[in-house]
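Below, chain A partners chain B and then partners chain C, in two separate complexes.
After this line comes the complex of A and B, so read on.
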């Protein structure tokens, strides 16, 4: 709009003046915001109030639901049946896996591994599951496995058909895609409270919560796989008179199968990262031990179940991943290995003791705690310094500013920033989210969470950019970095909390470190891919014009990788938020803690539910702000990356 | 002659919003850029009409974006036409129900694609048997049939391979076998050999000529390669911007291009390889001896050279037992040298040659022997 005069009137001055104005606008805006802050500091602040009327109202609503749970037709004929059915499914898996016994289960895992990827994968499965037994966590692991499998099964049963529809119809895609976007920026904590309200605590709620988190990759990757099926093959099939069903069964699904298997892989990974969180709503399994130990800052006791979950994640990842890359042409040898491993396992079940043998178990809690103690004793100078620098140098001042500024000023600043960066619509949505957080009576806690997220995001993006650029420019650095990043991405997200706790104890900084470990791999990967995707001919042309490496980077590679960089920033911030919220488990406080408290204590339920909503709003706000001027980054890239 | 194998009347395909309202309106006369600017629509096929005779090889040739691939897909409604009529074997295709259309595609018309469209998860044998499989033919029967077709296209011994284990040329043989396996009346080829390298392409063209001789199917062949069109086509339709500019035998296109566009197209074609003696024969001069070698009027100029080398006397050009004219060495050399002067005679020669299809089929088979 401002540039319009320049278009109409060739005489330069008007256009130039307008352009100069536009250039100074951000600076002027920043100055104005600072001035307003100084002038209105400590007015219109919204200090936290645990007795806000909204919280009471929500508590009353919860009480009403509890009273009518067995009379209201909505619960009687729908919700309660869903709960019973899902619980039944979990029990079925639990019973079956328990009945197999530990030798049988190891045998089945080995057999599946053999079928998917040959003896190597079978070996990984045997060693992995035997390792879980050796950690002395067999029963809890079986519970976790049962919960994971039942939620993955539900995710696939619901997700794959939706994915197929979305892959085939652009209209369905347009409806599904934004819903998945929101589901993916929603911090996992935020839907625990509503689920508990509907389905009570227990395995059923846990399965459903896990499914909500795990279903987006199943839908997204299935849709992508179906879309990517060679259109010529589909056309050839149609040209031979195949019906829609025939083409789906004989062409689309078989050709998409490998990619869909990759979707299963991602679904399992997502489900496993929910294990400790669903322990908060009374899911049995490894998460229970982990949460309890984290609460007591017993790193050794938390690390053992953590390792068990990581092992399960690795075994399931390897099996599904090799199933995805192997061709559907399974050989006789594979099937023979499959059969032998399963029969051997099942045959041993009645022979061997039902419990995993005591003498094969190892005790590692104490040695780990010794190491942690040693770190605390000897590295405190360094870790304490880092912790204090970030806390007093960055977190506290920023938090002071955000909580002492009038709420309308923060909202206006966000509106202006988002407008400038991502357009008016994004700005309005972001500002709307902030107003809604204020309306939820959670302004102060929201600002506290935002503070941690901002600081963590800045560090994450800086580190990710540096690593990504280095990897894109140096072959050997990439060769070293890639496998580390790959390994980091297979791990369930919360597992990053554990080393952070070991080093820094409880607190906000631990959450920052954990989110750093969690989000940096993705940011670095996106940056590297973006810079590498710059066409070789362009780089060559720039070089032949005599650019230095630095000029090449700043004038060619980074500008051309802009959309990848924006996507990296967006992903980095959204992932950081997710991790900072989980950081409530290790003392990061704020909104995440409100949610945990809301589930644990009856009287805090309302606040917890509101905090869950506030987290979603915060997620949407951060996502919109970083959406970038180039519009929505291709959402399909998200999960593949 | 009987009914045409394929008859297309006034066919239109316009992509874009409210495309059907454009046909018959003044907008239909706009060129593509103006049409897109005004309505947001793209006319891929504009008012196209032609007939394909049973057993004929009909080539549609044009540059990329000329609408030829859209046209061939409209024939079996893989792309739904916006207007006009298509009849295959006398039956109206546009009026068919989904089930009738499926029957048409299953039994009567099949297609070979530029990028093969093979199913990577199936063995070659099952790829070829795919058409029969979706018809519900029993496994043993369809495999037997597929094996027979595979040996027809020269792929014995590759039944159990997977497509990605074969070379591009062999993959397209599989595509061809898949189309042939359902024993259709009509074969449609959509630039089937464009993705292959030149030597393989020549082999495959020869293969098509051979198959046409052996199985005698009606074929519609889409290509952007003029030499391919001249080699295979009994008649060729040249498309430009969605319309057919000219339909004719290779001789007619080369000898009497309908407009500058076609003329530009065929300029570099060695005319002596396409045109027959009819185009350069002249009335004998009074003192010319008429006891030279005798050749039929539809002999390709290039093929008359051995006769002229053997005898210094003018060649007598004969049609239906009557003398049409003579051709001497100078005439032949003139024709070989970029076909000078041929254009001038084109009109009258064309008027005198109503049926030159036999000549072009002779040239097609001779080019097959070359290959």
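After this line comes the complex of A and C, so read on.
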């Protein structure tokens, strides 16, 4: 409730009295909710019970799967083959990339960069990959790269055909779209347990988990690309007697190719942000270094793998992005350069040392830790004060209210709020999600997580709004802010936990700070874009009418950027949820902790699985509540771009 | 697109080759190199050992030394798999883990994976004696002498209140994956406390250091072997004494943790085909002091795992030479 920008519904042109009534309705509703809360406090609360029968039932289901893994035909002939095949794919990539050696791999990257975008991109690739070596993380980075590439490959092999189908048939689109919505809303943490149950731990499940996260952009952008192919071209092809397959291969796909390449770019970005997290289910790579750093509370050691992932992301992004832009260059030169770079790299492989040379490595862990140590030692009072203020001032009171209110009252309040804000349908979906969380026997933990998410969202949106507006109004500030936000957005969410832990100790506030760092870049960017998109003529007009800067902002720019602001709020909240859940690794508790414990302790498995589902429901609920006014199609486009 | 088709084709072929009579999860021979000598990945290597690394530095110290000896004395390649305790057992089933070097009890897992599934076997004690319990910093015992009896914990609950403990006293636990009965203990002993998870060993250590330096109250889950005890004193709370069987039902536990003889678990496959690597791991046994020394070097003296292991190996040849298979 706290996160609501007030008064969103467009004024209805009815009689004056009716209008006044509409204006008072929310106030009356709020008074009613408060009155009901006072009257029914501490009744119909659903206290947490670790022994809920649902959890036991899920445990039994797990035991059944465990016992029949090697006998049930479903596993014997399907699941286990998927596992084997995916594991083999990963091993194939891993072996190939390792066999290239570090000079060879740098050479291949340079060649691909040259092929895609000329010497600039080739240079970016060389410098980037050499930089990873210099950070001392070559082997782990190769594993991460192999994991990323295998999950991206799977995403494309599965996603592009689905995208083509969805692009051609509105009916398929209607089925696929909500599924993708849920896939993008669901916190990454929540589907680790079921995947481990089916595919056990290891690189295979890690690849599949990453694929689930990375496939939505592949499907969405392919569908969009196919849809956009000019109908006249398709018609021309058909009237010339081409079959459906011919039209697809010779007309639709070639014309959509550049957009689809952008889809590949987005798929890679998504995969890279998921890949560190799957270290929790025994995937090799940079995520392992991150988890170890987390266990040792070593901030420097957590940032370095984060930087390596940013570098990999930048290199892959530049290569695929420039591949999407066709260039007029003789193909002989392109392929010759490609071959030269690869051959040069491969030729160097046997000559140079098999390991990336140690004297080329730079040490940055220690200086970072020195800074952190200094802050810890000197700012202790300040950080402790912040933590306690937020915990006692916001978190605890809100949590008390949410957990002591009857469940039907919370559900009704959410229904009413979502109805007013986003329409009846959204309200019903949101309320349905809450009822389902109660049915999962996870009401109390759900409310605890909701508390953290609400507080974190308010802080995130406030900070993002301030930064975004400042960036929109000052080109200078924007120029400084952009690269920082870019980097912050690509860093794996994991790496943010540690600086937060070092400063604020373990607890909910740490999760809030981490989600702040994670979600602010997106919020700030959407706000900035929205405010900038206000037409210059309108701003001129307002100025010439004598409005001050402040009036201009509050009366003209912000109202006109409303849909961007709402989208920013929506994205901010969904991202905050994802991060707050990961915060369970550093003591933020609630549903996220249930998921972590479910992976780690077998008697908690059922609870963890249920908590994963509850998280998805919570995500859908928050998304629906904040989505209405910004409008579906708009938000979808933004999410893709 | 052509490339995609090619790779997909290769995959289909690979699957086809494996397709006879269904796939069982331990059929990993094709997917990953295993410990036997013929599958040695690197030239001149005797084979690969996949070692689970659980999340505390004592374990890491044991792993560092065994890793060092396997690589330098027996010329194996060691693949370290960072994992929590329970998933490590699962890894023995899936083929991702050959060895767990420091197992804390886990009788339920032993029953499941050793007796029922037959995918793992015991490889004897590693010599370390494990203790788990609740600890307070020494200054608290001087100020509140009767605090070491759990019966007096309720009256001190206010001291341990934090922003995260819901108005009760806070009992700080470690990583959610550690062996712990604390939630059941708090409930069954009717203590007005809430278990809060710090998330890691390092977070516990930091809390203990802060509590000692700044004289802040702290009640926490902790354990031995542990290098920290050489730097500061923590006093163990006396819970109702352990009797064999008192921890049979995890929901009804109301007694202290048992003394642990930490042991080694290996996958069945590794026990059968591991050769000298398996022999060395079976022979490996050392004292808490040994482990603490290496752990201290890794944590506080800035040594890498490998350097710390080398330092210990150089200083204690008689200990480790007994582990090398003849």
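Criterion: the second predicted complex is superposed on the first by the 481 of 641 C-alpha atoms of A that agree within 3 Å, B and C clash if a C-alpha of one lies under 4 Å from a C-alpha of the other, contacts with A are read in each partner's own complex, and residues count from 1 in each chain.
Basically, contacts are C-beta pairs under 8 Å (C-beta built on N, C-alpha and C of every residue); 3 or more make two chains touch, one makes a residue touch a chain.
It should be emphasised that the depicted structure is a prediction, and the values quoted were computed from it without experimental measurement.
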Which one hits more chain A residues, chain B or chain C? C
Is A:474 touching the first partner chain B, the second partner chain C, both, or neither of them? neither
Would you check which partner chain A:602 touches, where first means chain B only, second means chain C only, and both and neither mean what they say? second
Thinking of the overlay built on chain A, is A:548 touched by chain B (first), by chain C (second), by both, or by neither? neither
For A:230, decide between first (touching chain B), second (touching chain C), both and neither. first
What is the contact status of A:296 with respect to chain B (first) and chain C (second): first, second, both, or neither? second
A:246 in the overlay: touching chain B, chain C, both, or neither? Say first, second, both or neither. first
Identify the overlap between the chain B-contacting and the chain C-contacting residues of chain A. none
Contact set on chain A toward chain C in their complex: 50-51, 66, 69-70, 73, 76-77, 80-81, 83-85, 87-89, 91-92, 153, 156-157, 196, 200-202, 204, 279, 281-282, 284, 288, 291-292, 294-298, 387-388, 391-392, 395-396, 501, 505-509, 584-587, 589, 593, 596-597, 599-603
Parts of chain A lying in touch with chain B, wherever the complex brings them together: 230, 232-243, 246, 250-251, 254-255, 257, 327-329
For chain C, which residues count as touching chain A in their complex? 4, 7-8, 10-11, 14-15, 18-19, 22-28, 30-32, 55-57, 81-87, 90-91, 93-96, 108-109, 112, 162-164, 175-177, 183, 196-203, 206-207, 250-251, 299
Sort out for me which residues of chain B touch chain A in the complex. 73, 76, 78, 101-107, 109-111, 113-122, 130-131, 133-135, 162, 175, 178, 182, 188
